[in-house]
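Chain naming follows the written order as A, B, C, D, E, F, G and H, and within any one chain the residues start at number 1.
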């Protein structure tokens, strides 16, 4: 009997290689992960905007799987049109299914509040136009972005050959100690294994899109089990 | 770096609750699982026939994830139109993507050959019309169906409340010792934990749709690591 | 030398499938479990009242096994005639054997006191008439029953096909957060594995008939070893 | 869901302290143990004969627990009236319940056949009159009793203070190397932990009433999982 | 390189079966145990008095093994002539060898002080005359003996067939809750495995001759590693 | 209950630091070790000859401990007067106690036979006169000594600062590949941890005085449990 | 006492990041690794030729560490001048130190012989000119190179960001099934974790420069312990 | 990908046998160790002074390995010319490479400050002239040397045959309880396994050259992961 404690439905960009394995690694006992994909061919603003087109259809597919909660699992895709875009997506999913839902960018903002974060350094795999949109989204929510830096990738091929070890190095290089928090953006950027080490070495919470997303959706469906090993936010359940 | 040894793309019916958790449990080191869904609301023949409609679109989504192989993960859905239907589906996926593919029913037939099975008892969650189609499919491939029995379910709600323990009891009751093999049909029927025990207690190989499917797709993409704990077929890699 | 630290004698309804396995799982080092049965064919009030008929005989059988304490292991059976019925049963066992004894309902009331519980939500497998008797019993002991809900079962067949996972779901659905405690009633309702998870997710103590019973009888015979893994009450030894 | 693979009903003498803990230790995954008692106050022939009086009633109690098989778990009690007494008891249980059954002495004889044993040394806790009846029973079944020796106990108090370590010493002293097998008689004589060591040190199979009983009833209900750690016979499943 | 952190020389009564195994079980890393025996045929006062005759010779043997400290390992033997007898023995060992030494009874008195014990219940295997001498010895050191009870044994044969489980039962029966501490006397009374359980169940420190002795000699030679699992006193290193 | 399967009495030279720890490490379950010492101040022939003087007294001390077998645990001390000296010592122990006994040198010769060894290289800590006596003893028993080399030590202080690692190096340097076996002589030469590695690297059985002694005495008292981790001879039980 | 069983001296190119960690991971118990560096700034033929200039000095440094054997740990550097170059290097090291030595390319050729390899596919990180020199070296030793392919790297920066997972993918792509063996060349190409998986998936031995080197030097110094987990050649010790 | 979190370059005296194995044992996840050697033939002042000659060359070699930090790993060698000599070495390394660096003696002084140590007892393997230079170096930095004692060794052969166990004994004998700290000097003196035990037995921090060095270089490169098992200073990261 899979997912007897909770079934998480994932709506994710089609090229994503990371969210399903990382959610399966981190999910507590009794939580199962069910995924469906929407087309995203490249990590560029125009594709990210189109991503939401099929939201209703994807939501409906997951509803037939009788999921407990639905996560729209894309950071930039859920903030690409600025403040309010994430809430709009949530509304569309919940209108379609009646199932409690959230998006990655909603979860990230909620997690910043949970941890009392007022300033952040952001490490991303994105190109600069995407970074600037994300920066504005965070600052419009009252979180100062002290620095944001991207690897400049737009294809899965570039991103998927990176390992968590390179994420560690990149994030450490980008970080500035006056920030309250390190945030590694993108649900397709593999890094959960190094978040605890980054927290030790930097002395500040280190959060990724996937740890924030998992925390957000578990909280939404009423699961409260502290998860160790992947940074501060998942110890807050 | 997820899926560095192999990335399995799953096309699965939208109501399925079992295939993703079971594949994640059984997959060997370095193999990652990526899923997308096609609408299946009820386990009735007319819905199963419609399932294939979106095959090209689903295949294309998985292609953007750069998967190594694609599995059309539905037993009855890949045989619902009789002999040749599975090959037709494979052709459509491979034409769309150029990626090696298989279906559950193709894998089951291949697995029967691998194990030298000439007669089988089949336990399913299906209603009888579906059972009869499956029976004919197997016998048209030269495997005698000594008995086939279903739980008569058509909804996910009915099926998902069953546990592997009930699968054990049901399968044991249905089995007849003159058969070469026990086959538990349906990629949404949770039972991998009890296959080894069924083999011990019945003295014959016990295979499920998911163990056959995993074996079939791993073989297709050239992974040859014996997997213990889930019945005979996965020890044949 | 089994039971050198303590031998628990169980008098249990004949159809019970759960109490012996759960007590064997939870019992601390040096504690052994010895059982004998009294006829209970169905979970209906008239059968539960008759259950006590053979109390003296069952007690005598356990006395020959030289047990340290005796538990009358049936929740509804030990409260079916209202306040005082449990004490009457204890008196009959102790008069027959001279061995310290308790009943499940006595232990539950004691456990409520130990945890300072003044209001409770109760999840049961029973039919409503039994629920109403249980509700009155608790309220007559000063514990408010905010909600009580049953699965409506009267036979072992119905009850024994449920798993702890379904107990989790059912109990979570029934619970109301203004209660001090969740109580899952019936020594034949398998659920000890999910009590810790329920406590985490609900934020309140979660207790079952079997955890309360084990706590009650161990306390009676002077065993004081904190038992982890099965909810709050067993950490109070 | 306890006992989903098999539920063993135990009818055992009321003073027995050993059979339930040893069966719970040895039982394979998915097998649950349910017990009920019949009066046996002392280990003397007249009490053992009376033991069978309540067989039908005890069988009926276990039937309500929906057990898969029933074991009449007393060595001397199932042979006290000589050849055929065990079969008579089985007949009475099966007539009452329709459930497959066996007795300890039946299982011991079957186990001797399984291992090809034609001569045996027997170590018991009994007084000599009981030993002589057992000897005759074995020899009437064609198994030569090279030696049989008892500790001369008739009460639980005497027997229950012995540990498996003393069983080892006693059995080793009694054994004679021309025998095919060592048999430690009595389902209330704790010794399963030392059977493997006895086999190593004596170079012959070492079997106890409880290992033979468990083997016998598991075979009867179709469970075939080799159990290690408790002597040769349980490796023959 | 055995005993690089410390080598404990044991002078023990020839019939002792317990001190060497228990010291080897409890000793921390880098501590080795070296033993030599002095004649004690029976546990009677006259033999215990004679035990000390060979003290110088035994001490000299251990000195050639280059031990770090010497323990005269006999409770009653080191107090049999009353207050001061233990100090006299220590003087004789240290005069012979120049090596720091202690006796069991000295260690017990020191341990009472360490734990702030002013009243004690004593469980022994001795006959009553020995108990009375021990009682006087403790009370002359200011520790009130609330109760002292013996098993009445004088031979190794009687004592060595007892297990720690019986020590648990016997000690628990003798204990009275107004005492500050339970002391199980005799370096040949196996009981270290049950001391933690006795402490839990009685709610007071439980100490044996061997745990006190090991604590005493380790302290003497400057080893300060908390040892868990054998009662309070060894956590005081 | 220590030593319930067998109690080994050790008579050992007073300066020995190795035999008790190594026997405690290697002994199988249920075997306990009890030691007493006889004076040996230096490893020179005259002292070794005197060692045997107190044999009867030491044997009598161990008899009061009710041991199952007695080992005279000194290699050179049991062969110092040439062929027959070991048998003479055994005779004196058995005459005194009636308990089965052996000596180290007897066990070594028996072990050579067990392994079919006809030529040997011997590494010792001894001075040359002792080596020559040992060489003659072996050759008089038909085992050719291809090489024998000593570290030239006579005191415990010199010997006890060596570690098994130096024993490895020394033995490897001394070995010559035409030999059937490597023998590391002296029950006070710590080396059991490196015997398996020596066997791997040299391709021949590697045996020490303590592994041969333990094998010899266990065989004498009828214990037949293969012991892994310490060279070939202990796998021959 | 580090390296008591054997001390391996490594002479390695200064930019190497892989050989020390991989040797420390694979080395059996008692083997220690000591390294010194010689200048190699880029992976180009002219630098590799110069590498050998300081051989005598490096050898002398390791001699002061009292190493048991010396490995010249560079594949291309030890074959850059063709057949005989490796033997010349060995001669210079042994002339300087008198210590048994080998080089990586010598070990690879020896390993091919050990495994009976007559044809090979080679995967390297090198540029093509280096590949051609390696190909000629192997073929001059009678091993046919069916295919050789490089990543075209000349700097440490390029090479050190690759993970064993990419080595798996690259090697699998290059391999051709008519070859007897897969060889992954370069002591700075991290890949030992994937060799077993490559062997499973390709069905042929998979060897890297470091596994061949470790095998070669251990064999040279007489260590014969089968090492599991890193491909076939290390199981041949 | 080795050393993704940090790469430590070690410049060490050629005869050193200890620093590489101990650093590999203690290093946290993601830290790799790369070594190069400079000539030191004997542990005498004149050789230690010459050691620094090749500093620039060694530094350059490590720079090509792209290390994150460089440690000049020799205690006496980095203080042999008194206060300032260590800073001078650091300056030369950093001028050559631009990589953050430290020396053992620098790290030791920093560690004294970190722990608030104002007086110390020092145990060394050195001859007295070296001890006197070290004493002056510490006292010139304001740390009183209550006692300093050496084993008087000058060669690797003498030093490398000592085990951590002898380090324990020697250090314990030298220690005086009025000191704030025990320091075991020399990066070639194996002792990390006994530092925790020394701390327990002496009741003061125990630090070795290698634990101080590792702490110093990790702090320098920004790694902050508490390391347990090797004394107080590494718990201060």
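To be clear about the criterion, a residue touches a chain if its C-beta (ideal position, glycine included) is under 8 Å from a C-beta of that chain, and two chains touch if they have at least 3 such contacts.
These numbers were taken from a predicted model, which means no experiment stands behind them.
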Note = When each step joins two chains that touch, the fewest steps from subunit C to subunit E total 1
Note = Those chains that touch subunit G and also touch subunit B are A
Graph separation of subunit B and subunit E (steps between touching chains) = 2
Ask   = Using each chain's Cα centroid, which is most distant from the centroid of subunit C?
value = G
Subunit A-subunit B separation of Cα centroids, rounded to whole Å = 32
Remark   = Whole-Å distance, C-alpha centre of subunit B to that of subunit H, is 61
Request  = List the centre-to-centre spacing of subunit E and subunit H in whole Å, with centres computed as mean CA coordinates.
outcome  = 45
Query = What positions in subunit A touch 2 or more of the other chains?
reply = 1, 161, 163, 165-166
Every chain pair in contact, whichever chains are involved = A-B, A-C, A-G, A-H, B-C, B-D, B-G, C-D, C-E, D-E, D-F, E-F, E-H, F-G, F-H, G-H
Remark   = Contacts from subunit B onto subunit G in the complex sit at residues 1, 4-5, 29-30, 222-225
Key: Of all residues in subunit A, those that touch subunit G in their complex   = 161, 163, 165-166
Ask   = Once bound in the complex, which stretches of subunit C touch subunit D?
value = 1-3, 7, 14-18, 20-22, 24, 32-41, 60-62, 64-66, 156-157, 160-163, 190
Ask   = How about subunit G: which of its residues touch subunit B in the complex?
value = 163, 165-166, 168-169, 172, 197, 200-201, 203
